[in-house]
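Chain IDs A, B and C follow the sequence of writing; residue 1 opens each chain.
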């Protein structure tokens, strides 16, 4: 007897999307000079037309931010700044359902994730940083309490609202003003956030949102009136920005790619480990910089784990992101889908064994079935390059030292997972893994109090916690 | 007895087997259970789930104050939960103390409910603190009186103090008494075992010793059938099937009061052990108040408006 | 002075605990600030740098794994060894820079005291720079600062000893290893420092010292993919941009400092590692 879950769609009626948007500069909506379509990746319907920010738009935003910094924001005490952030956090909680539905429509991620993870964490980030605003002298071992001034922030499409929160909250808490560009395919929750700023009475120009594409981003990173750049995105673009910023006095933090190793020892709690593997690579369709995209299994339990993993993968529900029972949503864009297809084709060509559960993918929209590749070695492209999709590469190891060696053998260093029931083993492995975030017997956990960021080519600096805060103050050590 | 060829009946064999079972990470198990609790079961799937849940209920009365009148009323309700709607399925079983078994069986037969089994709690339920002779007599009395199902309790004291072979042998003995006259549910009393690692070990111990069902609780101790506990037990029966090709049933009991709770249990079954377990021969829910909530939800689904307790019988 | 001929010191490189000459065989003249010949220093090549990085990389895991107490003790011993050679170093400073005996001795004392100061940070900084983070869930979450790896140093030109010590001490104390390019015009203090290090218990390869031309070697420091960080305090500011750009290929952590004593110099070459673990039974 099969238990079929009937459709359980979240209602779209809570959201109102305008047919066209401009930029949010100096507390007002400014018309864009040209626009591009933003679509729902699950259906390919056009959701709205988004303004393409020009150098002039960026310039206006920077001027507004500078003016706000000089005239209003830097004149406020930390306590008053904090209270604005508390207001923003509360309003985000009030409008939580609206944000969640909008994020799902724009990004393609399941409503369960935007409702239960993205939105609550975003509000929490503002709440957490609100409390720092009047305590900056305690922010660290060697920090000043002086903000940079105007910060330019460029965020990716995988967690649009959450990445906005990670950037804006600490910037404002420390007294900076902001020019932020959301990703080209996911601008809507940033634009809704602008409404929240208005509702919170945030002084004009403190937060400015300029939408657009790569050219808009370049205009921001090269603008001489910006004191600090914060970028989250691919390692490739991160390096371009770093080179451009090198001859200037701009401060720069980067949050780039990863190829996280998820290491399973023979003594792991198997069922919870399988959940952790699934969460590690299929959460958010694998569009996660810290995804556990390399499963490194101790050979002694490899077969058992793989069998359980496949059986578990058959329970993954792929489909309408607005359905409350959907586990895996749409790939964010045709472009990203093509990248995933290219790399998985490479996996096939290099002789790795591909497996996916049977699932019916919708005809419209961008979809990719959850996939594992077994028999992967370090030399395969799918073991080295970030796929940024629901694709897991499976490797094996014999000894703990070998596991660490394989895990560290990458230019990336963002995250790693360890599954073992032996405490000393966990701490030993944690010590040896060259990664900025280590999840032991868990995965993909985030919190505003927990610093996040990478070693090596996964980036510069941290976000969250005291460590993340200090990047927004001048002349600070990490 | 062959114990599925997995243990040889000796203490050392049993110990070694249980020791090599993988551990359970409590936080991870709770997270999985919590995620499954977010499944939204609506419309047609909800209607199916309600009827399925009703058919899985072991309608229970286990009070010192139980009387023939009380038990008879329970039996009528068990067979015809809603006197105004004959499309409502009957429940899975009636569950009573062993001195009430005869009354229950007689009444059920008198109303034509021949296929509705009577389950009896036995082995000095709920504490299990009595001599083996008493426990054996308890079981025999119930079966002779007409119980087709025996819900025994394990010796938790023996389990927690590491005398695993004693727990094992008690179950084996009761199983032998049941023979082919009754199926055996083994109550682990997970609230007293406390850790999920213990729940896993006790589940395997019970299955190896011959349980037909593993049951969470007596209903007399809280916490009873929490979602992580049921999850671990469903994982155990699933993995046991892989090892032996034998399906063992699971019965959560205690604390399942609302339709929402019951549907969460069905989702747990569906996404853990799998759809093969979604029938009363492999999944039961020990409950009493739950049945009326299921009926009220059933009414709302067919009528379209919220129901009132006035429209369901109290027994 | 009484007619006895002094045996002149040969200034060599210090790599992996040994004192090789540059593989290129080249040297260049070191003169006093008045132009008098002092010595021929090795003109290190990029291959010397390459070898030094190999040594530094090999030594790094062991140095980082030493307890903080142990590293602090070793750094304190380096201070002891330097103290014992105060006159030697003071004289060398005077010869190179023309500073008075008093000023030179002051520079040596400051260097000793700075070593002691940094040594004391080794087992304290993690308590300040690390944290336990109160996350919203049943997890133990903590952040620990960790050494970055291999860090290159371009030593400042003025204060030939103090500038050198101020750069290498904070890098070493946390568990990094380093390849330091001595000041081009006054390298003797840094090169002699190798004698101090060789008589401390600092393991081979932890500190490597090269002498040579900034203009020749700095680009190689910047482009080397197995160098994790750079202290470019010794580079003129108008060159910082180009070096930072060259370091982007492996995202080197590059910093320049003005203050000699600040914990920020230690933290700039550390990484923050955050670890989560569920709490349950």
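Please note the rule applied: a residue touches a chain if its C-beta (ideal position, glycine included) is under 8 Å from a C-beta of that chain, and two chains touch if they have at least 3 such contacts.
Computed from a predicted model, the values in this text were never measured in an experiment.
Of the two chain pairs examined here, B-C and A-B, the one linked by more C-beta pairs in contact is A-B.
When every chain is reduced to the mean of its CA atoms, the largest separation from subunit C belongs to B.
Annotation: 37 Å between the Cα-based centres of subunit A and subunit C. With each centre defined as the average position of its C-alpha atoms, the distance from subunit B to subunit C rounds to 70 Å. The centroid of the Cα atoms in subunit A and the matching centroid in subunit B are 44 Å apart.
Those residues of subunit A in touch with two or more other chains are numbered 441-442. Shown for subunit B are the residues in touch with two or more other chains, namely 25, 27-28. Residue positions of subunit C touching 2 or more other chains: 137, 139, 278. Within the complex formed with subunit C, the residues of subunit B that make contact are 25-28, 30, 195, 197. Contact residues of subunit B toward subunit A in the complex are 22-25, 27-29, 31-32, 38-46, 48-49, 52, 232, 235, 266-267, 270-271, 275, 278-279.
Residues of subunit C that touch subunit B in their complex: 137-139, 278-281.
Considering their complex, residues 1-8, 112, 116, 267-273, 275-276, 315, 324-325, 421, 441-442 of subunit A touch subunit B. Remark: subunit A residues 124, 140-142, 238-239, 242-243, 246-248, 254, 256, 411, 426, 430, 435-442, 445, 447, 449-453, 455-457, 459-460, 462, 465-467, 475-478 touch subunit C in the complex.
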